[in-house]
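Just below is one structure, and these are the notes that go with it.
Which chain is which? They are A, B, C and D, in the order written, and residues in each are numbered from 1.
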Amino acid sequence: MIAGLFNYWVVIILMMAGLYIVMSSRHLVKKIIGLNVFQTSVFLLFISMGKISGGTAPIIADGFTAYSNPLTHVLILTAIVVGVATTALGLAITVRIYEAYDTVDEDDIAEMDIENENKETAVSTVVAKNT
Amino acid sequence: MLVATVIIIIRMEKLMSAVLMTSFFSLIVSSIFMVLDAVDVAFTEAAVGAGVSTIFFLAAIAIVGRVSKPTQRKKQILPLAIVLCTGAVLMYATFDMPRFGSPDAPAQQHVVPRYLNESMAEVGPPNIVTSVLASYRGYDTLGEVGVVFTAFIGVFLLLGAGTRKSGIERTANPVAGVESMRQSIVLREVSDLVIAPVLIFALYVQWHGDFGPGGGFQAGVIFASGIILYALIYGIVPAQKLIPPRKLAYLPAVGLLLYAAVGVYGMLMGANFLDYDAVAHDPLHGQHYGILIIELGVGITVAAVMINIFFSFSERSL
Amino acid sequence: MNESILLLSTLIVPLAGGLLLSLQSSANTRDAISLVTASILFLLVLCIYPYVLNGDAPGIILAKPIEGVSFALQVEPLGLMFATIASGLWILTTIYGMGYMRGANEPNQTRFFFCFALSITAVMGIAFASNLLTLFVFYEMLTLATFPLVTHKGNEEARRGGRTYLGILLFTSIGFLLLATLWTYSLTGTLDFRAGGILADNVTPTTAIILLTLFAFGTGKAALMPFHRWLPAAMVAPTPVSALLHAVAVVKAGVFTILKISIYIFGIDLIAETGAGTIALWVATFTLTAASFIALTKDNLKARLAYSTVGQLSYVIVGAMLANAAGIIGAAMQIAMHAMGKITLFFCAGAIYIATKKTQISDMRGLGYKMPFTFAAFFIGSLSIIGLPPLGGSWAKWHLLMGSIDATQWIIVGALLLSSLLNIAYLIPVAARAFYAAPDSNGQPHGISEAPMLCVVPLCITAAGTILLFFFGDALNDFISLIPLRAPAQ
Amino acid sequence: MIYQLPAIVLLLTLLAAPICSMIRNGDIAWKLAVIAAWLSVAASMALMHQVWGGNEISYHMGGWPPPWGIEVRIDELSALVLILVTLFGSLVITVLRESLRTAMRSHRHSLYYTTFLLCMASLIGITITGDAFNVFVFLEISSLSTYALIARGRDRRALTAAFRYLIMGTIGATFILIAIGFMYMVTGTLNMADLAVRLPEHADNRVVQASFAFFIVGIALKIAIFPLHYWLPNAYTYAPKATTAFLAATATKVSLYVMIRFIFDVYGVEFSFKQMHIDALLLPLSVAGIFIASLIAVFQSDVKRLLAWSSVAQLGYMSLGIAMVNVAGLTATVTHMFNHAMIKAGLFLCLAAMIYRLNSSHIKDLAGIGRSMPLTTGAFAVLGAGLVGIPLTAGFVSKWYLINAALENGWVILAVMLIISSLMAVAYIGKIIDVAYFKPAPAQHKDVKEVATSILIPCWIFALLTIYFGIDTRLTAGVAGRVAETLLGVGL
């Protein structure tokens, strides 16, 4: 009973670790790393789902009758590509953020944004006084 | 082992090492995929997770710096709570899950048997993954190419094309480790030997997808890796001389259009969109040609997009 | 002419007139258009009478946005009466307004007349609305169209007044009226005004009480306390606005709405059986006494008239909530009679302001000799409001009194009588002082110096109207009796 | 031709996108984008015509019958959402050229149009698909293109907003992926209609329950249902002007459509409400969302941010309609989805026109704009009336149904609260109108002129549509009513 589920549990731990990295890291690149780990673990879940004991890769050849599930493989192929696409775009935004803020630490950025907003309100009150 | 790797990633403050650990993680996962009979997925995960995306990470880190501050303890509580809740829900679910490896699981019933039993007769390739990917669920794959294309357009829109237009000189901060790589004669020699076979291997994977693991994605990624390797060792400029970025920028669109064109051709012949039966007189031939062409489209787009994105990143760091 | 088109044109004519006049640059052309539009509208409304007297109910459906609820017009006697009053008095107000606005050199006269026309459009819509939703739409339109008129002066005081005006009216209408409307819809699946009401078999007594109370307070324009504050606040507007809109059109739209809801949504039988009107009845009774007391304390003539209006409006509500034939007839008559009387008073107040720039009652000693027509008209109007024969107002008061006796509500009988006494106390001194007190001895020139003719003539006409209404009271009574109080027998 | 319409409606934009990216001349690319977009409007209308009255179209991609192949399925609900996406999307694309003129160097324009087309194509793809995994694929295209579009904002905070959205969006998408995986694990199918048949047998299975939970959280992240709205205000505020209009109209609405589809069709009413009691969760969250977001909106001084918060509140209305679990409520949700898309897109577009002239979206700078830009402000006022829900505007119709749904369930207090929330909308819209019409213009904005006709026309089309759909509701409430009956399984 336990053996049949152990595999899933490991996957879940991995997924949660990934999710934890995403949410707890302040460094933007590390967040994306977390996303990667999270997604990869989900892929693992799918593939585990498709495995048949005693089966073989779903390439039809003589002498084999049991094949593992090709559908989950297809889905995960797609999902992997989606994942790398997201990573690329996320990194591109990170690079732009670095150029704009000179930092990629979430806390620092938040601080700078707050400063910015304070300045803006200050400016608008000055404008209001002048008019 | 996997869990250990992930914990190391969490604790790691040096980004560079974190990235390398992630790459390592991907490699392990891909070998597990292999064990789980998912050869195509393993192939792709190795090429994408351990290959291309690691390179993207490195390229990005080269720009944004390598160290991340340690997280403060206070802020960890909420994420931890959310993670534990999510995990609890998942654990809760596992108890009703079909046992691992069980051939009677619903996932193995219903839809899949037709793929296993009929695809040779209906579609042709012995690699069922290819049949499903390219034909049964060809529409998904078109969407997937769309995702890749979108990422390319997005990165382009944000970082600019791989050609330098702005006159602003950035401080020299080249792609991680490239300086030393360039100077190493041994590396050069070895890579000279490697790059050509890599490219040829890519072509093989491209055309071999029908029979063994492989296909457009894997081929595209491998091809791109070859070019990127070249760029890493010889520098961006020679690489761009080899493949002019201006022309390269057209290729992702070409691949996507090629894919869609097959579908539209089917429509013009009176069948449904992406129905390859109508591509040739004989349905099986039609499927064969159709899959070949769309795999080519996938390969072109994926390779071109990966190279393009890499160029875009490296332009920023020069 | 096709009857539906006739009905529709009562909306289109004032709207088109308003658009047309807003394009004119010359003041004379503009005023001419205004006057012609008003006259045409009045004639159109008169043209509808034959249908109603024949027992027809012309109608037109404009749109059907929601299942079971249309955007539609339909004529019934009460609405027709209201439309007649509003459109008829519009002619006089237009004439008066030309005199007043020029006399007072008000700016933005084009915007003024445009919004005026828009308000009349809304009033016509309210009068002829065939269901609650349509009525609600025009009700809100009236609020929004009169807002620029209230803030016409554009100074801080006007803006503050405007804010109170808009705030209270929008709050009550969206907060209560709309809620009650929706509730009615969810109970009955329709919002149509039907003889005998639509709620009859769908509500418990408790729901009926809550619903009717919501309606009564939701109709902020009826100025039930504590939502009466907007009316005094609206007095910052130029006098023609106060006269037509805040003595006739807007406030009457409010009580008209309540009356209509009582008759056609609840049905008077339902109100009588369930006692749904109890709360509203007592609030109205309180309002009509309290407002009279407050009116006594006001020295500003327009403010006093405003509180007088607050009180007089509650007579209508009392009549509606009594839910018997006499009460309804009294309420409907009160709409007509009070309109004629109060507009006279406001016209007079405006004329006094134009001629002497005086607004406080205490400053008006002895003015009667200088402005005999104006103050004579004021006196006649006052008597009508109080309800003394031989003036129109007496009929309304009489029927209301009969209604409350029928309902054996002796406290209300008492309150009505008390209020009438108070009416005498706050209205008669105005005219009395003007005629009998000696003018202040600051050497004002003697002899008649009235406001412009365009102002004086209308007020004389309306004063004469109050007398005429007394003699045509029977005819009005007959006409109001056409209102179907119960569902036609199957 | 007509048979192929389900494929054509997607292909028009999906094919135009790569072609657009290859054209370096921004002008030509724009023309192509506009033509493709409007043709897809025509195709959507044609599809609506076909399914009108409750028909369904099923189109098999690749000629493979479901559940083996991917099925495209169009009913009245998806046709309505199609019209929403294509029509409002096209209106925004039409003004893009004018609004880009100053915003970006010209060689980037083609890429920008491409991204728009991709986003539109993917939203169409989500709407028409009948396959659960396919939803995920197209959802990712739309997400990626959205991130890129938001990140193009002029302020650097646009980048952080986009990044935050990317993280939350990807978590959401992955949750959805997990949910789909679980569904597949239990049923062995990915086809939505097939799932709907097979899931009820496993209603007690914890895997299905977990998949429901993951799905709801994942899609709620995408819709920005309170309290998962965290990404939305900043994203809307800092995204480029026209982009905000596009996103407000389409992206969240399509996600909402997916949620409706899965809750009612795939998981089924019985499971979602009787067993999982999703309504008990949605109801308090929606009400809290409506009030908190409205309150925050009232105190905003940046009009763009104000409208963004208003969007969070309005999304609360939509999820509230689902939580009512009655026909009127669901009708309200679907109607409001359409109406709010139209109204908010129009408002953001008008605002874009104002920012174009004033270079600011601060409420103070809008002073006196009613005089200097009367046509834009006029359209804004009409649309604002629609947002508030003044009768004879589209907004009224949806609120009408919503409040009725509350009363139908006997929730008088909720009805009162909804009316109070409308008053809050009066407050925040009134604030803008008041400044625009009744405050004198500051000195630096004295010579502000009306924007180009090519921007004004779409603004006014939105405004006039708002009135039109307040009067003729056959397309909105009519369809929504039938859809609601079908989804809830009554009246059949």
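The rule is simple: a residue touches a chain if its C-beta (ideal position, glycine included) is under 8 Å from a C-beta of that chain, and two chains touch if they have at least 3 such contacts.
Because the structure is a prediction, the values reported are computed rather than measured.
Whose Cα centre is nearest the centre of all Cα atoms in view?
Answer for the innermost chain: D.
Taking mean CA positions as centres, which chain lies farthest from chain C?
Farthest by centroid: B.
What chain pair shows the greatest number of contacts?
A-B
Let me have the rounded angstrom distance from the C-alpha centre of chain B over to the C-alpha centre of chain D, please.
Those two chain centres are 31 Å apart.
Centre to centre, by mean C-alpha position, how many angstrom separate chain B and chain C?
76
Measuring from the mean C-alpha position of chain C to the mean C-alpha position of chain D, what distance in angstrom results?
45
So the centre of each chain is just the mean of its C-alpha atoms; given that, what is the distance between chain A and chain C in Å?
Result: the chain centres lie 67 Å from each other.
Where in chain B do residues touch two or more other chains at once?
Correct list: 90, 95, 97, 105, 107-108, 111-112, 115, 137, 140, 143-144, 147, 150-151, 154-155, 158.
Can you tell me which residues of chain D touch two or more of the remaining chains?
133, 137, 140, 144, 147-148, 151, 178, 184-185, 190
Scan chain A for residues touching two or more other chains and write them down.
Chain A, residues with two or more chain partners: 19, 28, 49, 71-72, 75, 78, 82, 85-86, 89, 93-94, 96.
Name the touching chain pairs, please: which are they?
Pairs of chains that touch one another: A-B, A-D, B-D, C-D.
Note which residues of chain C are touching chain D in the complex, please.
63-67, 71, 133, 136-137, 140, 159, 170-171, 174-175, 178-179, 182-183, 185-187
With touch defined as at the start, can you tell me which chain D residues reach chain B in the complex?
4, 7, 11, 14-15, 17-19, 21-22, 59-64, 67-70, 108, 111-112, 114-115, 118, 121-122, 125, 131, 133-134, 137-138, 140-141, 144-145, 147-148, 151-152, 178, 182, 184-190, 198, 205-207, 209-211, 213-214
With touch defined as at the start, can you tell me which chain A residues reach chain D in the complex?
19, 22, 28, 31, 35, 38-39, 42, 45-46, 49, 71-72, 75, 78-79, 82, 85-86, 89-90, 93-94, 96-97, 100-101, 109, 113, 116, 124, 127-128, 131
Please output the residues of chain B touching chain D within their complex, sorted ascending.
89-90, 92-93, 95-98, 105-112, 114-115, 135-140, 143-144, 146-147, 149-151, 153-158, 250, 252-254, 256-257, 260, 263-264, 266-267, 271-277
What does chain A use to touch chain B in their complex?
The touching residues are 1, 3-10, 12-21, 23-30, 32-33, 36-37, 40, 43-44, 47-61, 66-78, 80-89, 91-96, 98-99, 104-105, 107.
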